[in-house]
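Next come the structures, one after another.
Here come two complexes built around chain A, the first alongside chain B, the second alongside chain C.
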Partner chain A sequence: MVSPLSSWQGKLPLVTRGGIQAGAALGPLTKHVTQEQVQRYAEASGDHNPIHLDAEFAARTPYGRRVAHGMLTLAFVSELLMQAFGRAWAESGKLRVRFKGAVVPGQRVTVSGRVRRVQAGPEGTTVECAVSVHADDGSEVLAGEAWVTTR
Partner chain B sequence: MTQPTSSLGAVAVGQALPAKRYAMTPEAVASYLQAVDDRSGSCEARGIVPPSALLAYALRSVIEAASLPQGTVHGSQEMEALAAARIGETVTCQGTVVHNTIRGERRFVAVDLTVHGEGGRFLLQGRATVVLPP
Partner chain C sequence: MAQPTVEFDRSLLGKDFPAGSFTITKEQVLAYCRIIGETNPLYLDEQEARRRGHPALLAPPLMCPLFARDLDRPQVKLNFGRMRMHAGQALESFHPIYAGDTITASVHLADVYTKTGRSGTMVFIVWETVFVNQQGERVAVSRDSHMVRE
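Let's look at the complex of A and B:
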């Protein structure tokens, strides 16, 4: 079973606490990815690619074993940003990520971000963040940028 | 679910895949949130669908419209949320192939994704780049 770090739960979104500044940290959020979760994600998303589900098939791929969906890892990033920016993330969030490596079921991953820039404009304040996901072996499995506009 | 009739790698650049409609029922959203282990309650409390769920359904529309060879991997992903979908809303998802090239032994296909809500509200757009095995 996956266990998120509870440090963010119950806290107000970053934006309602005010004072967003470049350099502010987002997270971290930690997830323990299991094969059971990968199976659940396949059911929820309709993505039954055997590279995620079939051990025999996955053994013949360059990964050599089953790997989690990239979109599952992306969902962790979106959760972090939703917790940080609240509804603004769902209404104005932009995300651009590269899947740099595979998450193997059984691994713990850490999702984190940092505010790069805060810029006021006519439509609100745009916050630019760097986001990343690291596996417990230290490898960066996802890297990207996010933007959100708060009004 | 309707089985796809063509392979994504065979879809020409510029071709729009058939649009698919999905009901973002409370059960569907709860199932998604459980699958991604999101226990924050951030979205349910606001009555909205997580943008990552809309993106996942947009990709689902592609998978249901065009088959992906076994072993296809996701290379990169972009998304832009334009409005929040309400839990209970029916959304329409569609993909359009915008790049389809071979580099080395692999085929790279980029698909632009759109999600519209009821009344034509534009909810989300994005681009998925997938790498098809040789």
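Let's look at the complex of A and C:
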């Protein structure tokens, strides 16, 4: 297994590099979603909705097959924001997203963001970002906004 | 097309319910990060977290809404639909959450509304959960929206 620290090297948060500007790109981050991961996520979260786990049930839904938990896809967005903003994300982050489509296990997803606005205020500098996740067929499966305030 | 009558327990709207509490252990933080593939050392390496001024491992912010699933929520008693999907999620963090924190949650039904589109009628149920740590600090507020359809 690759040590978490070795894979981290070189990815300094945007905030420590200074000079965050509107238009700056976050990521992209590529993640491979597997049914085994969905299974383990269901166990950890207690979310045993059959649409994630039961192939027969899922076949009768509009998706036609098992899909990943929205919160699992959203966890990748949080990972991207933690990479970009470090502790400020965990301490003061806000996000608002819509789950627009299904992530089918076996797919690779691309998680990305873009700084929309940087605004100085009494509590620090607030960075507003657009965030999105695309499935490997190009469809957008998650879209939303995130805000991080850095001192 | 006529909107179907959607019935639910309206007395729940806006009323706060204690939803219980949970402790986020270091093992749970590590397990969660392993499952989602999160590699940030502030979540995984206690020494590194302490070196950077944290009292313990940071917990990923989304662990609160994740754990809130197992808490007690009142029944909406919706007379509609069979399939339920997570439609949207918002989260605001106000204070870091550390491994070892005990979080107490309260929940209220924020909204229930209906939308009819080409694929039929959908009902959206929006819950808001407030998370407070063992020091009485409000650490996060989560708003999750679930879509129910036939």
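The rule is short, and it goes like this: the second predicted complex is superposed on the first by the 141 of 151 C-alpha atoms of A that agree within 3 Å, B and C clash if a C-alpha of one lies under 4 Å from a C-alpha of the other, contacts with A are read in each partner's own complex, and residues count from 1 in each chain.
Here is the rule we go by: a contact is a pair of C-beta atoms (placed from the backbone, for glycine too) under 8 Å apart; a residue touches a chain by one contact, two chains touch by 3 or more.
Just so we're clear, the structure is a prediction, and the values are computed from it rather than from any experiment.
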Simultaneous placement of chain C and chain B on chain A, clash or fit: clash
Touched partner set for A:Val141, first chain B, second chain C, both or neither: neither
First (chain B), second (chain C), both or neither touched by A:Val131: neither
First, second, both or neither for A:Val109, with chain B first and chain C second: neither
First (chain B), second (chain C), both or neither touched by A:Gly70: both
First (chain B), second (chain C), both or neither touched by A:Thr61: both
Contact residues common to both interfaces of chain A (with chain B and with chain C): 4, 8, 31, 37, 40-41, 44-47, 49, 51, 61, 69-72, 74-76, 78-79, 82-83, 86-87, 89-99
In the complex, chain B residues that touch chain A: 1, 31-32, 34-43, 46, 48-53, 55-57, 59-60, 63-64, 68, 70-84, 133
Contact footprint of chain A on chain C as seen in their complex: 28, 31-32, 35-45, 48, 52, 54, 58-62, 65-66, 69-70, 83-97, 119
Residues of chain A touching chain B in the complex: 2-4, 8-9, 31, 37, 40-41, 43-47, 49-51, 57, 61, 69-72, 74-79, 82-83, 86-87, 89-99
Complex contacts: residues of chain A adjacent to chain C: 4-5, 7-8, 31, 37, 40-41, 44-47, 49, 51, 61-62, 69-72, 74-76, 78-79, 82-83, 86-87, 89-99
